[in-house]
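Take a look at the structures listed below.
After this come two complexes, each holding subunit A, first together with subunit B and then together with subunit C.
Now for the complex of A and B:
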């Protein structure tokens, strides 16, 4: 039994048989470690980094921008530097452009070529963001795509679609919903969803009685 | 442009502006190996072994048929293997032997 500890460390139950591509993934990783091109624990450590990134980070950035106009200005000037101010590290070489939604402009983020996404602040993208229908249609019929998310944008509001690249990622700063003047920064952050920061839905507030003034 | 000439100007992963079906809001929790594969991509990028652009081009180089038939992280790991062969970091023989070894390890574990 003890001689199989190594296998168990890989997360395999003894009756688990990995598929072809999983075997390929393990083999590539092990070969690179053997050749000392990557460290033995680097993949494990990076999984921990990936797990630490969730939309809660982006929500914190948005809520802070709503309550602090000077921060909002810095965030729109240099998204990455402003996020780093809040202690959010960027583990890659990507830049971040924050796009502000207003009464006149609604922003939507897509990656038509692949699946580029502001991972340091939102975590990994949902499947629909990586699949053909969203990537194909967001750039040519954004209103129809938004309607499929239940989001109807008035005709007098311009829709701007930003196409991500390997180097430049986008985050939407949604409009602060009406009726939230009495909420704390933490309560505001709790309203902000991942999809609102991609730009496919608005941030909504339904006047929870806890925060009634 | 005719469909044949369209192939000249559009990469197999370049979906922008094509017609496509309704957006279904699908998502799934990554399988452990998919998350490891994502972490591997990041580590390869950190060490400047394969960067994001090279990864994307590696996926494109699989061609439309394979891109359509493999899942997201299946495309990634196959692209990584091909790029590592191109860069003479790994050979196909080395990978095949290591895959046999990994496979044997699991088979002997499950045989107990």
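Now for the complex of A and C:
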């Protein structure tokens, strides 16, 4: 086994051997096309759809909610419908619940069973989100996990962990950082990171004189 | 506009639980991949939100047995201290998760 790996490791790109799941994915794809259940074009098109989704979309949603209280209310009431207002389509049957962080509640999102993630608004999940240590520990010791991301939550703030298992996906609406009153919606969106919308870090602002020592 | 009365909904069309209801997650171990993580089975919880619209039972659907009967998912909340003995964190920390109606049963009020 080790010898086999070694031989390929020093080979050129043409010696590339696909892994088990890669072969399975190709086989399923070829079968679906061969049986005319879907066309090759549809597979390519769906990859294009997925590639068009990035955390920048979620950041725009968050920034808009910060500046428009009526939109924020609609977003918390029905996350999917509010995102659709902004032109973000949902290409699957998932719903979206937007979880608001406040002075009293800090939300954290995980999928213990696999890697459910609000892809229509955030794109693909980060690798750590899909790995077992995060998936197990986010529900058993969320405060320790958050601390490893540098996020210390005071004891009087409730940690609310949402485990996505079925048809609903979750997006965290982070707290708007202090000192950002003068920022435009676009500037606000630039502050919002993917990790903040998963709930592992807050949104931070160091952009003005307040942050200088 | 006032609701029109005397409309009879079909079985399962209306949610069986309402926010605030106490429920217990079923303890079953059917063969296959069921989207109710083991760590919440048998735990008592409070209904936080009814997920609309009703959905096909994806566990039936996964086995090709979708008869088209829809039920609701519920977002339920369970205190972390009830999930993990010796949980290190605030007593108000909780876990929220969606569970399909067929996995929930009514639970008597908390006995402490």
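Quick note on the criterion: the second predicted complex is superposed on the first by the 183 of 213 C-alpha atoms of A that agree within 3 Å, B and C clash if a C-alpha of one lies under 4 Å from a C-alpha of the other, contacts with A are read in each partner's own complex, and residues count from 1 in each chain.
By our rule, contacts are C-beta pairs under 8 Å (C-beta built on N, C-alpha and C of every residue); 3 or more make two chains touch, one makes a residue touch a chain.
Computed from a predicted model, the values in this text were never measured in an experiment.
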Contacts of A:40 with subunit B and subunit C, given as first, second, both or neither = neither
State whether A:28 touches subunit B only (first), subunit C only (second), both chains, or neither.
-> first
Figure out whether A:73 sits in contact with subunit B (first) or subunit C (second), or with both, or with neither.
-> neither
Where does A:18 make contact in the superposed view: on subunit B (first), on subunit C (second), on both, or on neither?
-> first
Which superposed partner A:81 touches (first subunit B, second subunit C, both, neither) = neither
Tell me which partner A:113 touches in the superposition: subunit B (first), subunit C (second), both or neither.
-> both
Return first, second, both or neither, reflecting whether A:130 touches subunit B, subunit C, both chains, or no partner chain.
-> first
First (subunit B), second (subunit C), both or neither touched by A:168 = second
Which of subunit B and subunit C A:50 touches, first, second, both or neither = first
Please name the chain, subunit B or subunit C, that touches the greater number of residues in subunit A.
-> B
What residues on subunit A does subunit C touch that subunit B touches too?
-> 112-113, 139-140, 163, 166
Subunit B contact footprint on subunit A (complex, rising order) | 4, 7, 11-12, 14-18, 21-32, 35, 37-38, 42-44, 46-47, 49-50, 91-92, 110, 112-116, 124, 126-128, 130-137, 139-140, 145, 148-149, 163, 166
In the complex, the residues of subunit A that touch subunit C are 93, 95, 97, 112-113, 139-144, 155-168
Residues of subunit C defined as touching subunit A within the complex | 35-37, 39, 49, 51, 55, 58, 73, 75, 77, 80, 83-84, 87-90, 92-100
The residues of subunit B that touch subunit A in their complex are 11, 13-28, 30, 32-33, 35-40, 42-47, 49, 51-53, 56, 59, 70-74, 77-78, 80-81, 84, 89-90, 94-95, 98-99, 101-103, 105-107, 109-110, 112
